[in-house]
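Paired with subunit B in one complex and with subunit C in the other, subunit A is shared by the two complexes that follow.
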Partner chain A sequence: MRERWREMMMTRLTWALSGAFVIMGLGLMASVLVGSWPILMAPHSLGRLLSPLWDPLQGQWGILPFIVGSSVVTLLALCLAVPFALASAISVSRMLPPVVRPHATRVLAALTAIPSVVFGWWGLQMVVPVVRNLGGGSGFSLLAAAIVLAVMLWPTLSFLFAEALQSVSPSYVDASLALGATPDQTLVRILIPCAMPQLINAFLVAVARGLGETMAVQMVIGGQVAMPQGLLSPGATLTTQLLTDAALYPPGTRGHAALDVMALALVAAMAILVRISARWRVGT
Partner chain B sequence: MAPNIRTESLTVSYRRTVVLRQISLEAVGGEVLALIGPSGCGKSTFLRALNRLVEETPGAHVTGRVFLGEMNIYSSAVDVTELRRRVGMVFQAPNPFPFSIFDNVAYGPRLRGVSDAAELRRIVERSLQEAALWDEVRGKLRRPALTLSGGQQQRLCIARALAVRPEVLLLDEPTAALDPVSTEKIEELVSNLRGRYTIVMVTHNLRQAARVSDRTAFFDDGSLVEVGLTRQIFTAPRDPRTEQYLTGRYFP
Partner chain C sequence: MNQGRVLHWFALLVALGAAIVFLGLLTDTIREGLPHLTWQFLTTAPDERRGGGGIAPEIVNTVVMVGGALLVTAPLGLVVAIYQAEWQGRVHDGGVIDQVRATWLSVPSVVVGFIVYRVAVAWWHWPLSLATGGLALAVMNWPVMVTVSISALKRVPHAYREASLALGATRFDTVRRVVLPAALAELIDGWGWALARLAGESAALIITAGINVSAHWSVWGPGETLAVYIWYVRTEGVGADAGGVAAATALTLMMFIAVTLWLSGRLADWRRRAGH
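The block that comes next holds the complex of A and B.
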């Protein structure tokens, strides 16, 4: 009797807590949506949002420079990080002596836990000066941000890639080797194709982290609201601009509403990523 | 003519544990040699030593010699890839790749650079026919292999192994995961392949060993206890341990 009562309470508590989670999520969406309402409903809202001018005090709330900044920095970072991460994942899961592999995996997992501000700090001392010397300008730039982000995503991406490769059934590897495939052929023809859904999911997780990263990027991107003129020019991303202006525009002002629009854009981007990732669920 | 495959004092250990001790055993060209013995006695390890797949296991160590025809397969001059082409293997659980039926069978030939579509199609058809699967899958070669039944998957794995024209076939409990009808089909298939290939087959099914094999070898605890004509082993085993195992009174 008491047993049953306890189980019932457990179930109810579980429902209550997960309900709280859903309510919190919906509440966040609602507040962002309500906050951005004045701008979304203003005449020509889309055209004004997608303009390159950001000056909320003057009624200009074009967030195009930040959309461009976020996209360029994330895309470039991933282009840099993916080959390196794939290489380290292959080393960790296939090439290192089997005795070392679990330790190497643990090192990767530990690296993923480094706070992003540390990467930003490192970028400030190492990446910005190098970009300045090689490319001119101040060094604070989209390129510096992308490099820092790439280095930051590397461990995470390697770890997830390695997990994806390790998830392939060893019986496939046996079968391939028994047919006379070399380890290289087995990697290219069996391991990578069989792990593709998980590899793509790992990639999407990295895209999400890249789009969402604020601190490390903020420290090296230069924080300029004008449309960036190239990889070497400073800029801003949706997240860094949100951070910069968060304290500047009190609730109720147009600037605050514009920041809500940026938050909404980030949430929407994440929702799209989750949708894409669901299509790549294992086994479909 | 299918070659003999012969081991001389083959010893295999994983790290410090010796799992096969001084095995000297020969499968004669074209015969079906059955390996029986209690679980964990080293039958799979023995098979995997015959195509050097055991070397892929971390910590495995092999001593002694294995001859495929006249060639010592553990000599450093041997090309492992070519060895494994000549010595095909089918595993206990059907393990077709998650590709199409066609791509499964074409996997081996493609590894060796066969890319001509017509030739690949010929090889795939021939192999599926040889594995007695053609009639069931013709016209469906683009379907995912994993949509086949377990028994069909296992015959697909046999076709995949046959596609590279091996001379020896190693079958590790090929029917352990299958229903009686599929099992019968595979046994029939093995009987048909007999003569063209040298077949070494591990089985826990004693009646299967009696039905399809020419000779039977009984392993126990990493050692070869005895080997002889299947009829002799089943009717008049020389070693008391064999007799105990065959009559179900075996308690290791």
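The block that comes next holds the complex of A and C.
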């Protein structure tokens, strides 16, 4: 009898907590949607939101500069990081002796745990001065942010790329080599095409991480709310603006609703990335 | 042997370049941080006016908030995972819980901080404090814990469960005496990674836990962590020796994370051996 009771209580407990989990998760999404409602429902909302003018004193809440900042920084960082990461993954999974391979993978995994604020700190003293010397200006710029972000994404991407390459069945590789293909041909014609779904998934993970990154970017981008005029000009991203303004506008004000719109844009972008990635998911 | 390997060697060269940049980052931190990293630095409070000072309160805050968030969310995540893996019988990829988990997992930490700030600080009138920051970390960590627990439970062979049920054990007993012990090593590994990730979190904590420490420690007092301190010192702080302090704090934080990962890895290995 007691066992029956325990079983039933456990069923209820797991069910209730799973329900709470779903409700809380949906609540998070609903929270930003409800918060941004006053701005989204105002007349000409989209046009005003997508204007390049962010001027709280004039009541102008255009978030276009931040969307541009986020997109440019993330894209540029990925363009910088992907070749290096792919090269590292190839080196780890094809060049290193098999004895060293697991250790190298473990080191890469450990490097992904380095806090982003450390990259921001490093960017402040190494990347910003270099950009300043090369391109003039203050050095705080989209370019500096992209470089720091690229360095930050490198271990994650390398690790995931290496995992993708190692997931290809060795028999494919052996068959290709046995047919007389060189290692290079095998890499380009067999290994990379076969690993493509996982490679794309790894890429999407990196996009999400880059888009959501706050600290490493915030410390070197300059925090300028005007539309960036080029890669060397300072700017801001959706995340950095959320960080610097969160405590500035109390809930209920227009500014707070504008921040909610930015949060909503981020959450929506992430949700889309998750959906795309689910399409590329390989059967487990 | 080396014919037709031009691409491979080129890749190795490029990879070495990337590794050197990364090594530079690590050596920079050590070179600048190590001279500052004294016993006194670890055991005293920061002193911005005179320069110097240490990071003792930040260490305590980090351990309390990260530990608290993990202690609360680890069982919560495990239970949600048990519901899917053990009670529903299988994990529905693309089911409601799975979709919520995947989306929640992808929410940027600064957005979580922003939402927790609104709910806890604006609605409930909590102060910027260790409690609010811990709540933000817990909200961030719950889906992580569900993910970690599900992958650990999935690795337990089905035959274990079938054998236990065939012997007449209830589902509850099967989970408690068969599945969880078999999954423990993976769980410990996952908890270690989550701990490391939380310790490095800063964006959400700047919004919810504040960027200073008070002389009188309390869970309702401001709770700056090590990661937040690095940010504060290098962006808002006015101390004269900011560079060294930031580097030494970064070094401390990275050593804390390394030790966490190493310990949890060893513990998991030990469990794995004990289980077989």
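Convention: the second predicted complex is superposed on the first by the 267 of 284 C-alpha atoms of A that agree within 3 Å, B and C clash if a C-alpha of one lies under 4 Å from a C-alpha of the other, contacts with A are read in each partner's own complex, and residues count from 1 in each chain.
Here is the rule we go by: a residue touches a chain if its C-beta (ideal position, glycine included) is under 8 Å from a C-beta of that chain, and two chains touch if they have at least 3 such contacts.
Here the structure is a predicted model, which is why all the values come from computation and not from measurement.
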Touched partner set for A:Gly230, first subunit B, second subunit C, both or neither: neither
Greater subunit A contact set [subunit C / subunit B]: C
First (subunit B), second (subunit C), both or neither touched by A:Ala263: second
Touching partner for A:Gly59 - first (subunit B), second (subunit C), both, neither: neither
Contacts of A:Pro102 with subunit B and subunit C, given as first, second, both or neither: neither
Subunit B versus subunit C as contact partner of A:Ser171, first or second or both or neither: first
Which of subunit B and subunit C A:Ala113 touches, first, second, both or neither: second
Touched partner set for A:Thr182, first subunit B, second subunit C, both or neither: both
Partner chain in contact with A:Ile190 - subunit B first, subunit C second, else both or neither: first
Set of subunit A residues, in rising order, touched by both subunit B and subunit C: 182, 185
Subunit B residues within the subunit A interface of the complex: 51, 53, 56, 58-59, 80-85, 88-89, 91, 93, 95, 97-99, 107-108, 111-112, 157, 160-161, 164
Partner subunit B, residues of subunit A touching it in the complex: 97-99, 169, 171-182, 185, 189-190, 193-194
Contact footprint of subunit C on subunit A as seen in their complex: 3, 6-7, 10-11, 13-15, 17-18, 21-22, 24-26, 28-29, 31-32, 35, 83-88, 90-92, 94-95, 110-111, 113-122, 124-126, 151, 154-155, 158, 182-185, 187-188, 208, 211-215, 218-219, 239, 242-243, 246-247, 250-251, 256, 259, 263, 266-267, 270-271, 273-274, 278, 281, 284
Residues of subunit C that touch subunit A when the two form their complex: 3-19, 21-22, 24-25, 28-29, 76, 79-80, 82-84, 86-87, 93-94, 96-97, 100-104, 106-115, 117-119, 122-123, 139, 142-143, 146, 154, 170-173, 175, 193, 196-197, 199-203, 206-207, 227-228, 230-231, 234-235, 243, 246-247, 250, 253-254, 257-258, 261
